[in-house]
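This is the structure I have questions about; it appears just below.
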Amino acid sequence: MKRWIVLVILLIVLVGLTVWTTSVGDIGIFHAFTYADIITHTRDHLIMVFWAVLIAVLIGVPLGTLVTRPGFSRVSPLVLGGANVGQSIPSLAIIAIMATLPFSLFFFDFGFNRETAIVALIIYGLLPIIRNSYASMSNINPALIESARGMGMTRWQIIRKIELPLAIPVIMTGIRVSTVVTVGTAELAVLVGGKGLGTITFTGVFAREVLLIIQGAAPTAFLAISLGVILESIEKWITPRGLKIKAINS
Amino acid sequence: MLEAWEFIMRRPELLAEWVLAHLWIIFVAIIIAVILGVFLGIFIAGKGKEQIADSALYLAEIVMTIPSLALFGLLMLLLGSMGLKSIGFLPAVIALIVYGQLPILRNTYTAIRAVDPAMVEAGRGMGMSERQILFRIELPLAVPVIMAGIRTSIVLLIGIATIAAFIGASGLGVPIFRGIRNARMDLILIGGISVSILALLIDGLMALVERRITPKGIKVGR
Amino acid sequence: MIKLEKVIKVYADGKKAVNEMSFEVDQGELCVFLGPSGCGKTTTMKMINRLIPITSGKISIDGVENTKINASELRRNIGYAIQEIGLFTHMTVGQNIETVPVLKGWSKSQRRERAEELLELVRMKPSEFIDKYPNELSGGQRQRVGVARALGADPPILLMDEPFGAIDPINRVELQSEFLKIQQKIKKTIIFVTHDIYEAIKMGDRIALMKDGKLVQYDTPANLLYRPKDAFVEGFVGADRALKGLQLLRVKEVMSSTYTTANMKEKAEVARERMEKEGVDWLPVVDNSGRFAGGISISDVTGVKSKTVKDVMSPSETTSDINAVLNEALSLMLSSGLKTLPIVVEDNRLAGILTFDAIQEALHEAVRAGGTK
């Protein structure tokens, strides 16, 4: 019960701040953004986050799973270490550095544009996903797999019916963490030519107007927390009942 | 790339200033965050405080999800309305302390609760007071995990401190910020690469400290 | 030395774990708290060192009520060993043992000396083990360190809650025997909680059998076996209580020291005559110094001419030491098929023989007399 109260209060505060700063109209010599603006930017923000997380999942889950297979055990510290490094380095640094790269990769150019921002977001959002995929797949009790094989399940069936269902909750957590972090990092995307709520925030930063900063930051925070809660509910919904019971008893 | 190198050669004292400012702000924040976090962690780990622990950890978790700029903005507003300096060092440090809390708090709590109850019972049965149990059994065993939490915090803070430059604090965010504003690639690279190297170095250093500080008994095995 | 008077423990949910327990444990006695799960034995023990607060009643140690002393101080003078052992993994073996001496402020050299002394006592070489960590030890070794740690500051009383419970059966038997030897030396007042009746019979000077928080019978092991107070005790002790009682008798007390033998150098016919005269069909064979060498049966000597005993006998090594407990000897007889078991002393010299009849007679006598102790 207590959780919900805390959450709701926080969200109301954030909404309140957004409304307040928007209704002020003029801030210093600047015009506050309108509700329409906020909605547009929110949409752009979400699109960026969506793509970044999607690609991170498409790369991260298979990669994290692959490294648990016996053949790849030598590569695993490298992959994990690499992902860790990616997270140690501040997000801003990653975005900034990538923006300065003077060459092109595949079908887009680096430099100051939205694609660069998304690539940086992907890199930054990769660690939670890889780490959780790896941890959950490698922690499955080998006795379960052995009995499954003994019962005659094929490799694929084992993955589908046993390993994945057991691993999904933890992987889902990783996706949730990644998403929430990406929402925050995406705020910086505007610095290198991306779009999103950062536009509002950084207008405030460059103009040194706190109210403008808040007008951008509050919706972002709202987004981050809401997505976090939504994904957490999906997590709980997805967790097989048997595992949930165990968690309560341990 | 080349211009970046030239710049450093010409004005090395600037780089030094930024690095030191960056480290200083993190240092102050981490000390306070550790003191707060460990104390609170020990407190909520006590018997019968599960409810408080639950709420506290949840609160810290939610705060973590608030993007740093949002927190900065809020702090600036708050401090401004209280008549305190609302840009630069103060809001930055406060924000860092807040962000640094969760890893330390959570790790302290988890570590103390994870201590084998048999050891605690043995200690109590042998005549240790509750305080002696805390200091001679629970804390020594919790240190490695707490250390890991501190390490996570520090790395986190290095990143957030970079963004603090946007609200007037000094540090390695300054060249990045300025570079973006004035389209100076060399500044961006200096800031970006320096802070990356700093982060990796400190992370590595903390890993060593972690290993050294772990009681030997926990490391050895049969 | 430890006196319980109408001790009661009621929990917040109304559960009465201990229901008016009163008895006294003498100094130097090893008292076993025995009973099924939930009978209150552990709860009672933990009220002695106040780990569990008493609801009503009184527990006195040496005449002083245990609530009159500060709890931590009380516990520092009572040794405590639990089933999970709970060795401090971040401290060395030596530091673990020195825990209470440290709390009591002993000097560094005093503590070290004591730790080495105790490691010797539990038969672990100090130089080898004192700086090792619990994680480097086997289960049995950890258990011994646990006992040593409980004895750290030389407390007059020891509380032990299923201390050998987590050990595998083979090591457990060994640890029990070793512990008994230690107790012979140190003569502490010990409360020993177990649910294993075999352990209780083997270890206890007296056993307090409990059920549902009440004391059912407080007696010597022999009395518990042969004079059970009620159906519960009888059932708990088991229908095979006579067999359990074998643990309480020694071969020495039951064997026959007068017997006939055959000498290795004698002629086979002489042996046969002797067997016919005594009316037996088997004789133990000894050499000139009285050492047991094997057995000779009537079938070995029938229809044999001009051979010595040595030529026709069946060499055997199955013997029992004179100090063995009767159940071990019986087990040997049953598994080897021998109807007469040779009993030997040092150097394998024959000292007596043990027959099924003798065992049965002794047991019957024990049951009739109601205990031999």
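For clarity, chains are labelled A, B and C in written order, and residue numbers in each chain start from 1.
Here is the rule we go by: a contact is a pair of C-beta atoms (placed from the backbone, for glycine too) under 8 Å apart; a residue touches a chain by one contact, two chains touch by 3 or more.
As the structure is a prediction and not an experimental result, all values here were calculated from the model.
Visitor: Can you tell me, using the touch rule above, whether these chains form a line, ring, star, complete graph or other shape?
Guide: Graph shape here is a line: each chain touches the next, no loop.
Visitor: Which one of the chains is farthest from subunit B, going by Cα centres?
Guide: Farthest by centroid: C.
Visitor: Select, from all pairs of chains, the pair with the highest number of C-beta pairs in contact.
Guide: Contact tally peaks for the chain pair A-B.
Visitor: What is the distance, in whole Å, between the centres of subunit A and subunit B, each centre taken as the mean of its C-alpha atoms?
Guide: 21
Visitor: Express in whole angstrom the distance between the two chain centres, defined as the mean CA positions of subunit A and subunit C.
Guide: Subunit A and subunit C have C-alpha centres separated by 64 Å.
Visitor: Could you put a whole-Å number on the gap between the CA centroids of subunit B and subunit C?
Guide: About 57 Å, centre to centre.
Visitor: So in the complex, which bits of subunit B are touching subunit A?
Guide: 51, 54-55, 58-59, 62, 65-74, 76-77, 80, 86-87, 155, 158-160, 162-163, 166-167, 173, 176, 179-181, 185, 188-189, 191-193, 195-196, 199-200, 203
Visitor: Any idea which subunit A residues touch subunit B in the complex?
Guide: The contact residues of subunit A facing subunit B are 2-3, 6-7, 10, 17, 85, 87-94, 96-97, 99-100, 180, 183-185, 187-188, 191-192, 201-202, 204-206, 208, 210-211, 213-214, 216-218, 220-221, 224-225, 228.
Visitor: If we count contacts the way the header does, which residues on subunit C are in touch with subunit B in the complex?
Guide: 49, 51, 72-78, 80, 82, 84-92, 99-100, 103, 133-138, 149-150, 152, 159
Visitor: Can you list the residues on subunit B that touch subunit C in the complex?
Guide: Touch list, subunit B to subunit C: 116, 118-129, 132, 137, 140-141, 215-218, 220-222.
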